[in-house]
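What follows is a single structure, written as structure tokens, with notes after it.
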Amino acid sequence: MKGGILNPDNGFEAAVKNFLKDVMEKADIDALLLPFKNAVGDSFEWRLVTADKLAEASVVPPVIAVNGARALSSITRSGKSAMKIAALMRPCEARAAIELSKLNQCDLEPVVLISMDCPGAMPLQDYIADPEKVEKEFEHAAREWNNELIRPICRMCDIFTCTESTWCDADIHVALPETENNAVAFISNTDKGREVLEKVGIGREEELGDWQKKMNARIEERKAARKKAREELKQHVTGLNSLSDTFGSCINCQVCRSVCPVCYCRQCLFNSVKVHYAPDDYLLQAESKGTMKFTPDTLLFQTGRMTHMSVSCVGCGACEDCCPMDIKVAQIFSIAADETQKLFDYIPGKRDAPPPLRVYNEQELKEYET
Amino acid sequence: MKGKIGVFICECGPNIAEKVDVDKIVDEAAALPGVAFVAKHKLLCSEDGKKFLKEQIEEHGLTRLVIAACSPKAHESTFMKVCEEAKCNSHLFQMANIREHCAWIVENKEAATEKAIRYVKAAWRRVGYHEPLAKKEIAVNPDVLVIGGGITGIEASLLLAHADRKVYLIEKSDALGGKVNEFEKIFKNMENTADMLAGKISDVEKNSAIEVFTNSSIEEVVGFLGNFTVTVNKKGERTEIRTGTIVVATGYDSFDPLKAPKYGYGKVDNIYTGREFEVLNKSGKIVGKDGKTPQSVAIINCVGREEMGYCSGVCCLSSIKFARYIKEKLPETEVVNFYREMTLPDKGYQKFFEDTQEKGVNFIRVKSVTVDNSDKGPMITWQNDNGDEHRNVDMVILSAAMTAVNDAETIADMLKISRDETGFFLEEHQKLAPVSTATEGVFIAGCAQGPKNIKESLVQAGAVAGRILSLLIPGKKLEPEVRTSYISEAYCIGCRMCLEVCNYGAICFDALKHVSVVNEIICRGCGNCVGSCPSGAVQTKQFKDIQIHQEVVEVLR
Amino acid sequence: MKKNVLVIGAGIAGMETSLMLAKAGRKVYLVEKSPIIGGNIIKCEDVFPNLECATCMVSPIQQEVLKNENIDLLMLSRVTAVRGEAGDFTVTVEKKARYVDLVDCIGCGECFEPCPVVLKNEFEQGLMDRKAIYLPCAGSLPNVPAIDTDNCLRFKGEDCQACKEACVFEAINFDEEDETREVKVSAIVVATGFTIFPVAEGGKYGYGSYADTYTSWEFERLFASNGPTGGEIRKKNGEPPKSVAVIHCVGREEKGYCSTICCMSSLKFVHYLKKKIENISVTEFYKDMCSPGKRYDKFYREIESTGVDFKRFDTIEVTSDNGSAAVKYRQNGKEATVSADMVILSLGLEPQRDSKELAEVLGVPCDTNGFFKEENDEYAVVDSTKKGIFVVGCAQAPKDVQTSIAQAQSAAGKILSLL
Amino acid sequence: MMPQVITIKKSAEEGIKEFCKVLLQSKKVAGVLALTRKNRSAYYSLVTDPAKMDETTPLAPVMPANAATLLSRLTWEEGPPQPIAAVVRPCEERAFIERIKLQQGTFKNLYIISMTCGGVFPLKLLAQGEIENNLPQYYASLNKAETVENIRDVCKGCVHFIPCNADFTIDMLGRNNDSECAMVVNTDRGEELIKGIEYSIEKRDTPLLRGHEDKKMKGLIEHREKVGEQFYGEYHFGEPGMAGLSSALYKCVGCHSCSRACPICYCNLCNFNSEQHDTRFSKFASQLRKSGSVRVPPDTMLFHIGRLNHVSISCVGCGMCEDVCPVNIPLGTLFSEISKALQSIFDYVSGKNPDEDIPVSTFEEEELTQVQ
């Protein structure tokens, strides 16, 4: 793995900010999309800012209050503008953004997408409950790469960086300091990224040997963790019965889909009149067993959502962060997603790989033919 | 339940009656809410049965209809016609297949009856959610626009014009005739091309119904079957042409031998492509670049076959023709033909081949062949079972594969038609519909559809004329499919997944509203878009979620 | 006068021409000699190269022909006389009685069982039996049987009405009579199709002498799901074959032309065999692989990739060699022998046996090969030498379905345009 | 008139189940909508088989969803074909009445069984499996007609705990229901329904059910009014106007869960999810030029203000919005207090009187003079 290296004088956060400053000046970028602490300091928010606001930005916030892909989508989804944006986000957010661009919900043409090594994120609701405490914990987690403190979904995430084994298709990837001299490395994944790095004068390619070694080690850990998690979670999702138990406490508030970056529908099918039936239908349905959960669509919603978005699921955990009933939504979906994605050997967030639904492949799904 | 529902059960003679308790179905159906009338009949599809059906509908003022009988494939249209006659909207009708699905496959009579009852109930529930659909009629423009003034385009234009159709013939070069112009003769009869072609071209010029645009190309195509508007660009001057159908007869290009360096094209002297040789031959003197008459000529077949992945089916015969050219003009010259598979389809060509052998042309089967420079002129190296062999010749002719024209993609995009993996335009059905495309009203003919010889091209030209003459009849209106899809503007978020999966180019994107829109005249109601829309913003009339759901609920209850 | 058209032959080409003309508002008399429509294609289970189910592909067309009100379908009929000229022909059609009413009969087949006469089923290449009242195969269209008067006892003077008694729809009427129709038409389309080369029994291809040697049509039926074995490929002894030899170009020397489609259908046979029988070994003996057009080479590669042994031959001979067949072939002077326990002969196509007579009736010539002669065999192939009479499909020359359809449409085009 | 009272020799919850069973057995109703709680999960059940009533827990003090939304679907469009009974809380009943006014449901073939309400626990408690442990103190405080600990904040401030339009009401507050419970028949159609049902039905001239004028109840109401305001204060909505409001709404993630959980938000497609509210790329650019900093996604604040406009006249303060908010914005308190203020302007109480139109749909010469 090669990349351009900056030696930060005062910490990597400053280094990244300087880099972004350079990018704006030298690569004619008009705006930055970055996370900021909000006005009253009780959570984080995305802001589209000019260079002068850069100082207050928090490069790696402890929580993902809103998935960066949704932020980027809401800016670029409709209409055009000459404005050029550089956006810094976590790999899962960057991947979601690329996924959305394939679904015409996000225009990456005017965007330089920058991802960074992600130590994981903290549970949103914990942070809301006690910001100071959680911020301390996060600092520790980020420094030590301590998997115990971060969200369960992050513990099993193996695409948190960008090495040969785990690609991440953002234009530029920022490698957190791992080298003894605390250097921050900038890796380009696309021509656009390469140009930008050249313009800011760190186009030169230097070996990132030991950084990569460290990362690879962690990737292996995470892969193992994921495997373990899969084994544990499998039982909760195999067969309709276990599924309906797992989602039994679901109150059908559908916050999972409204915060999901890849659930892009304006109106969810399962929140529309299409799942409303005549009263006598419900009575007839109830009669078959003598009683029925009313309304009956909660499981339908969960499984339906799974079929709709699991090929594109990047496992960002937004759904789980927001679930009022503490259901392990993200973990379950991410595991299910592995299967569907394998089925079409599709990797969400990989550029120039069209969504399976769009392409007809004569040889696919043979095993399902009779 | 809306309206008065009538339920009719056909006994289909003994076919249903013997295997299903029809009276039980009658009783069950009678008890269903909204059912105003139930009856069984010995054979509903018979004249007597249809009469009975019509009378009952009228007598009881039935507004919705369930018929339990055979497969809809067999008689749905029959009964829909009866509905119309009885002034009951033919889409407020649902058929339950209790013959193929019950009587003929379920052994146990009780089980068959149970299943049949579920089917009838399902149809009853579904029909309650049906909506009346009105026939649509659209006026059509019978004119035709033909792209490509080659032999195929000319033939099609002549036939159509003769049937009093206005024809716009668009040719990008400055003259009609296409590639055939280059040929001196046509295989296998070795007749002169000029006579045949000149005749057709003058027919075109004489025919006032054909408007020829030379040096022209199409720039934009909007609309659909019966109502296309095509922008034609003639040397920068633009004309808008309204037409009902479009014929793509853009012909072919020849495989560029530079893409297959082993044949030495470009580096070796006196090496010609087939088309170059045609021109050379037509000039009357077959001489090398040095002006010398060749003592020996090598003709190499299948140039580009591996690269393109298909056999053009014509080159073998052109090669034989080249050999004949040479033998006619230079009887003393030695001709060697290197081929892989001698492809002589059709009844007449083997004889053509054998006659040419008799004229002393030497045909050598090879596994592979290469051409290099040598001090004694071009050197051929070929490989067969006995290993490599070499020889020198004075001249080499490369019989190159036919390929799709280089602007095929542009044309395809403009006309919303597809191309197959070979790059040629894709036909609607590779067996049954060779000259039509998935886009109604856009036709393909000749080598635009795939490599072929002149006679097959002419046949396709005739085919296109036939398809158009029987499809669009002046004064006759078109009745587009009424069971079409439609998109809810409010719910659509513009992901354009539906555009991707629509085979008919029936959906377009409204950039202003940021939503997809179905053109219900082009739509055939296949439902691909419905399946692709995650938010259910797309629905197909008569196959709405609610209708299907209600049916399923009842079957599974 | 009304611009009616007469189409002879209700195969794929004849049906296509008829439908197009009918849709254009022409009245069409469609003359078919057999009791059903569909032609040769319905003998096949799948078609190359897309391996689509043939009957599923064709049945919508058959249905349409049966439903279309502009088409007057005359089955069990033949053309016996033609007078007049382009634009004004008078055609005499002799129509044999079917003795089963097309409207009343619903095709339940109750009448077959009681019929006492047992005959070889020609459609099934004699691989199974039929009765004197019969349908050639399951799924025939129209799904209405006919009585074979040459063999029906009643028509041999015996007082049998077993079938009539079995029919609850009273669809059988022995009093129906043959009729002779005179129709006025402005054009005639000949779409009589082809038959296969009659391979000699006991000849060099081992047909007849080695029990498990099959013609292409026999093998098509052997694989057909509505055929004699219900689609199970079995040798005469009921065993599935382990090794199969498919021999191309059978009849090519004799006929002196290449039949265009046999190479591809031979490749299709590989697909049949591999689909039904696990790890079966197939050897294809061919001369020149004829795969013209944009799709066939791909099909060739696909079949090749399933593992087939391709052997090129100049001469070939099949002999019986204790219980299996010995295929001896020679190429470039080299000779070798392959043994197989089933041999399939991919037979060339030739004109219908009766096309000579028909040609005479129509007053048009046949070419040296016996196919109908074209006005010009390089650029006017669907026109016969006589104005107003057109020839389409394999009646003109051997060809695949796509080209037949194109010719059918072309003839319709010329008629709609010129006549 | 003399209200009928059905007394059942069972605890309140068992009593309601018993009563519903009888209604089902005697085919008086075809189905019963009642709450079911199983450890960490709670949902409404539509019961048609009397025996299955045992699985339900009609009085479980949780609210997985406001039943008003469900009742809309159950009575869509002309009401169910056969009668149905539903056991719901006063705020759910009130919400349903508001929905009826908005053409989102009907009382036709629907019978409401309600109770004097002690409030419900937050969903978090349910998710953590903490309901069981809290039940004893819940009923204890109920018997003393006191506010229960740990219930939703909105409930602590709720003064509409006595149902006004239920056909049957179980008297819970300030009364021991452990071994015997009493159900008051409030309506004529209620009396119609129970005709021919053998039960110890006593008629009494003094209403058993304590109304708002009852001393105990008065006390509770006054207490709760204070609590409500106090909460409102605590949440520093103190600062009037946008400043105060936004301070509470900054952390909104724009998930719109509150609107989906709200029984009054009845739109198919919320205006704020619609194409009209897609901000175009160019707008972001111009905004940035103006201020140098744009919050993304935009309009999260506007959404809540818009929702306040749309729902506060009908808001019943059930607190669903607050419970589902992933970032704990005290929407319940905010909305209920603001609604209280707004409704008092039109002296309208949402869901109290079915025959009274929603103010926005009526015009009175003399209203809002103060704003003129």
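First chain written, first letter: the chains are A, B, C and D, and each begins at residue 1.
Criterion: a residue touches a chain if its C-beta (ideal position, glycine included) is under 8 Å from a C-beta of that chain, and two chains touch if they have at least 3 such contacts.
Given the structure is predicted, the values throughout are model-derived calculations rather than measurements.
Enquirer: Counting C-beta pairs in contact, does A-B beat B-C or the other way around?
Expert: Most C-beta pairs in contact, of the two: B-C.
Enquirer: Farthest chain from subunit C, going by mean C-alpha coordinates, please.
Expert: D
Enquirer: Taking the mean of the CA coordinates per chain, how far is subunit A from subunit B in Å?
Expert: 44
Enquirer: CA centre of subunit C versus CA centre of subunit D: separation in Å?
Expert: 76
Enquirer: Roughly how far is subunit B from subunit C, going centre to centre by Cα mean, in whole Å?
Expert: Here the centre of subunit C sits 25 Å away from the centre of subunit B.
Enquirer: Taking the mean of the C-alpha atoms as each chain's centre, how many Å separate subunit A from subunit D?
Expert: The answer is 36 Å.
Enquirer: Out of subunit A, which residues touch more than one other chain, so two or more?
Expert: 78, 266-267, 272
Enquirer: Which subunit D residues touch at least two other chains?
Expert: 268-269, 274-275, 278
Enquirer: Which of the chains touch, listed as pairs?
Expert: According to the stated criterion, the contacting chain pairs are A-B, A-D, B-C, B-D.
Enquirer: Quick check: in the complex, which residue numbers of subunit B touch subunit A?
Expert: 490-497, 500-501, 514, 532, 534-537, 545-546, 549-550, 553, 557
Enquirer: For the complex, which residues does subunit C have touching subunit B?
Expert: 16, 20-21, 23-25, 47, 49-50, 52, 57, 61, 63, 67, 103-104, 106, 108, 110, 168-169, 252, 256-258, 260, 288-298, 301, 332, 367, 369, 371, 377-382, 397-403, 405-414, 416-418
Enquirer: Sort out for me which residues of subunit A touch subunit D in the complex.
Expert: Residue positions touching the partner: 30-31, 33, 38-40, 42-43, 45-50, 52-53, 65-66, 70-71, 74-83, 107, 124-125, 128-129, 248-249, 251-255, 258-259, 266-267, 271-273, 276, 278-280, 282-283, 286-287, 289-295, 298, 321-326.
Enquirer: Note which residues of subunit B are touching subunit C in the complex, please.
Expert: 12-15, 43, 46-47, 73, 77, 159-160, 162-163, 186-189, 191, 196, 305, 309-314, 341-351, 385, 420-422, 424, 430-435, 450-452, 454-456, 458-467, 469-471, 473
Enquirer: Using the touch definition up top, name the residues of subunit D that touch subunit A in the complex.
Expert: Where subunit D meets subunit A, its residues are 30-31, 33, 36, 38, 40-49, 51-52, 55-56, 64-65, 70, 73-76, 79-82, 84, 123-124, 126-128, 246-247, 250-251, 253-257, 260-261, 268-269, 273-275, 278-285, 287-288, 292-298, 323-328.
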